[in-house]
């Protein structure tokens, strides 16, 4: 079965991105497909490579990046939500005249159409938020 | 689901302005309208506050997005289910909501109301009839 | 030695206003801000609970947040004071401490 | 054509669980996750409301979230099913749609 | 306020783990302990869930910070007010909470309980007696 | 009178940082002092210079930076909260081996002690959060 997953809260502040990660891991282990995870609202903040959690805490961004690498899951950050909140990739930073970018490996920034496409394509849509 | 068309329901349960969910839900609805799916919106609990008339955000310095609801008809988003019990509990009636209409192309472009006031039990039926539920 | 309490959540969504009212003391002011302003309207199931504490505790509401949400001042419960941001500052200054019910 | 509902808020803090139960239909499952797991314990003022809907709607709870919060499974209301993350996935797959009560 | 010492109350009304507020509140308490103020903690509403025994977060992959409460005595944070009505509403008793104690230097280092179960009305008095209230 | 102000939610997602801004502006206009605003929890995200809100929305970061410039208000971002969430200044980025930083003008990163000091020093402490 094919799952689409939406993460709509930021890392550490809400448990949503953790629960989503455990759900996706379990779904993949059970032989299901998770072709894409869509990060919306504060969920976009999961995709920053600049976070430095304490040594005794999980690194949420790295967990997702490793999952994408191992399973080819497409981690999409909503561009409109990302722009408001200061998440940028290199191209967008150049286009907007910003002097830095902060997106992590395995994540890409794209439009809300990717959310709708995911929902059309998936057998089940899961939302993890606040 | 017929011909690859899915029934999408956008569920709005939060008040506007205190948090961004109402605005960002509307942004999804507008983009989603281009995908030719069967789209409905549900307003229940504090979500009914999104549709009130007379919103004026000048003094809080936040963009007033309530006029956008009136433009939904142009995007062929014409089914806005509003739960009567949620209105009642909040001391609201249908008259407190904006007039939101669309022009029905199958009926000589007659102007028709987009807001459908439904009971809680009817809302549960609407929810149970969907393929995809997006929650905000 | 009075307290200014602020409540920024809708009383239809969370328990914050009820908890605040359960801890407010005579002479205190409860100021409803942001989504909290929905708690100031009359004619709801909540109005009785709020009104029940009346008198000893002053209820106030931030007018810019009321207007943003399209709530006419005519719908407010009796005795609710409206203030603007300057009035909010005055309330904070004229009470001995502030407690935010987040 | 059944729905898996998820509730991730404490029923003592927000109205999400009550709203969810008010819209669940016979054959549906309500899965309590994150802070929602507090709604599965017996002996609270809420237990009656939850139990009142019993039978037609299955109540389940995510065990990892229960353990995290120190709630012993012996405190759960009668009839509440516990699942782990794999069981959560199974529930999502075996229902026709999922609705998150955020 | 005497001798520049203020009465600080940290108010905890949220459950642990679902959101980070409980953990980040504790981080403020630990830093604040170095400032020699008169510190108290209040636990009411879902905040009482922070103090339950037997928390085991291994399976959710989140750090279990509940043992830190037992270390508060070493930081001279010894007044943890817990509201009885909040416990009752949640089906909890004092026995469901961790044992949190401190050694009283003014009483030959006798071990004493840090948790004080108070009524809602006593909690209101505790709140009204503070100089600074930090809410989480 | 001297106000201390805590902002504990992120920009756009919650109204807290807007309400705090209007409160501080009104307090300064009334002749009060606001020597410091402390950003905690997701509030640290107010201080990123990488956000690009839509043209028809307010720019929350720029509002605060302008206020700091005009009134000398000390805008302090909590370092522990910032590290988890990916807010960094140049020094911290270098120290942590990160290849970019994202803090905005007028904000500085420091410890929680600055919150306690502010609370001790202020006549009234205001908290704006969720």
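Assorted remarks:
Which chain is which? They are A, B, C, D, E and F, in the order written, and residues in each are numbered from 1.
Assume contacts are C-beta pairs under 8 Å (C-beta built on N, C-alpha and C of every residue); 3 or more make two chains touch, one makes a residue touch a chain.
Everything numeric here is computed off the predicted structure, so don't read it as measured data.
Look at the CA centroids: the one farthest from the centroid of subunit F belongs to D.
At the interface between subunit A and subunit F, two copies of one sequence, more than half of the residue numbers in use are shared by both copies. The interface holding more C-beta pairs in contact, when E-F is weighed against B-C, is B-C.
Centroid distances from subunit C, each centroid being the mean of CA atoms, peak for A.
Remark: subunit B and subunit F have CA centroids separated by 35 Å (rounded to whole angstrom).
With centres set at the average Cα position, the gap from subunit A to subunit F is 26 Å. Note on chain placement: the centre of subunit B and the centre of subunit E lie 43 Å apart, centres being C-alpha means.
Contact with two or more other chains is made by residues 12-13, 15, 19, 22, 41, 57, 80, 125, 127, 129-130 of subunit A. Touching of two or more other chains is recorded for residues 8, 12-13, 15, 34-35, 64, 84, 97-98, 100, 102 of subunit C. The residues of subunit E that reach two or more other chains are 17-21, 45, 60, 62, 132-133, 135, listed in rising order. Applying the touch definition to every pair of chains gives A-B, A-D, A-E, A-F, B-C, B-D, B-F, C-D, C-E, C-F, D-E, E-F. Across the complex, subunit C meets subunit F through its residues 8, 33-35, 64, 84-86, 88-90, 92-93, 97-98, 100, 102. Across the complex, subunit A meets subunit F through its residues 10-13, 41-42, 45, 48-54, 57, 61, 80, 83-88, 93, 96, 98, 100-102. The touching residues of subunit C, counted against subunit D in their complex, run 12-15. Listing the residues of subunit E that touch subunit F in their complex gives 4, 6, 8, 20-21, 24, 27-28, 31-32, 34-35, 37, 132-135.
Listed in rising order, the residues of subunit E touching subunit D in the complex are 14-19, 45-46, 49, 52-60, 62, 64, 66, 89-91, 96.
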